[in-house]
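To start, I am sharing the structure in question, which I have written as structure tokens.
Lettered A, B and C in written order, each chain numbered from 1.
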């Protein structure tokens, strides 16, 4: 420490602490209004209202059956692949209705990518895995460059750059999941959805994925579903807690209980159900 | 705890285990013995006449110079046509049933049941079908093409079932991953599902093919002549190796019986090669999902 | 690995160091006010304590949030607990500076005893030095540096004991006696500041060794 008296540096402190932007300065990517999802007439999720902000990591936590996976799949039309699935309410993506009559699911999925719980690399070479998205979407200019950049952003390039032609199935579990992330990044999405991305991985691989999320949020908006609430606590800026309500006939429906900045959820949650869940008293 | 307490109290299951094992060995023995006997008798009998004459010369009344060339060529043509017809139709049907069909609709369920049943229909029924509709009905005549079309029908259910199994074996996670990247349904099928299912489809098709090449009854009905001394063409008269063998067996001379055995050796060689090829493909491309 | 956790720990550490800078500034300010008998400067020092309090609360909240979200263990946990304690020690030091300033405001009218002021000058310099040594040792995880604080504290303790004798010898002038009593409290404040610096050293030792022990018996 020097002998000169430094000035009071509140600004430096604020900047270094990476405070979240104030609510008025946040960019809304998704605006969810009264959303509900039902499978063959049975409601799985209802009355969800929240906003997803740009360059934030937003986590959905809650006990099993609370509809968080169902919810995240609404953002990229993946529920459409399940017969009997119906969406009620609206999701606006940058102001446009995501489920408008003219919306093409392919266009949606180009901008909103997804990483799944169990790594699902295609049974092809590492290169072909990452190149698949650009190829089917017609982004074939500078394919080599795209593949390299995607693998770099997924923190996998150094480990595979000498064996791009090797089968993707020869990678370890953690590497496979990073490959799936690279695959997703190669089509240059705006949003990355992650459905329990680390639950099939060992702790070291999990930490690497979490560090990756931290790095990626500078350029992407990330939404992650996790059943491990400590993981949500570590990586997420905003956390949404879902719980299960029992309706008549004992039917279980998911509902959104609380949605707030992560430190608040884990230090002073507003709802007692949230408190019970994060303290592990029920779940 | 001493060693004595760990020893088995009574050899309770021992006897039944031993009996069961003996039964298994006997079963294998019967199978191997039968097959072995068949092979050895045929080879011993027919080996004499397995030479280039057999392969390159047309049949004749003189067993010394008789060959099976037209029959071998016809069998090869039949095989190629069979693949050309049955694989696209079979795989296409399998794709429809696995990827597009809505199982709740009655016609799809009907289709499902139909195909299972058709696989069990005796091949001679197809022969009659061919005679009625192809040879006579549309006037195709008793030609190689008709034979190929009939054999296609014979093997089609098997190809469809094999292709469906191969397509079903592709995990859904692969499809989901491809959809999530923005692929259309067709792109998912063409670029992910089919390439991944290809080894299974290939294996199934080759096995179906090797069954078809041994068929005699439908070919006879559709007009395979028993004596053909010229090289076959697609729209001409034809015979096939099984038919040729049948014809030789029917002849009185002992030499022709030997020739028949030689023909069987050739046919077996073709079938075994095809089957070995199918097994090789299956092993080479075996996937651990 | 665990980039998020590391960034938060680094940020808290940097905030603590900045709080230390503020405390040094308060100490110098309060002593100058005492020496120059300047009540306005003393008021500034008292107002300045708000800055320290803001820092203190911000670090407290940061630690609360970090514990809730990052579940640190082992060395990380010890670092967080050490930050928590040192935060408190710094805040208490700043409060003592405020006390000195308040006493200055009460006693500035009276002519000071030169010798006692000289002694205080030494004590204040020593205290300032100890704060720097303590915080540097904490930042560098320097065990030896932390342990050296005990000896440094000796001088302040002895000077504090001598101050009582000195005041008793001041004579029977009532004004001077009042001044003397107030100065004993000032002396006590400086001595307590030294003790808190030693406490910071103890936290450093805890961080490095995992064991908490008092450096010396607290009986003096």
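Everything below uses one rule, namely that contacts are C-beta pairs under 8 Å (C-beta built on N, C-alpha and C of every residue); 3 or more make two chains touch, one makes a residue touch a chain.
Small disclaimer: the values here were computed from a predicted structure and weren't measured.
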item	value
Chain at the geometric heart of the assembly (C-alpha centres)	A
Chain located farthest away, centre of subunit C as origin (C-alpha)	B
Separation of subunit B from subunit C, taking each centre as the mean of its C-alpha atoms, in whole Å	92
Between subunit A and subunit B, centroid-to-centroid distance (C-alpha), Å	50
Multi-partner residues of subunit B (each touching 2 or more other chains)	none
Subunit A partner contacts - residues on subunit C that touch it in the complex	1-5, 7, 11, 14-15, 17-18, 20-22, 24-25, 28, 51, 54-55, 58, 62, 64-65, 68-71, 132, 135-136
Subunit B residues touching subunit A - in the complex, by the definition given at the top	102, 171, 173-174, 176-184, 187, 191-192, 195-196, 287-288
Residues of subunit A defined as touching subunit B within the complex	76, 78, 81, 83, 106-107, 109-110, 113-114, 116, 118, 120-124, 132-133, 135-137, 169, 180, 183-184, 187
In the complex, subunit A residues that touch subunit C	1, 5-6, 8-10, 13, 16-18, 204, 207-208, 210-211, 214-215, 230, 233-235, 262-263, 266-267
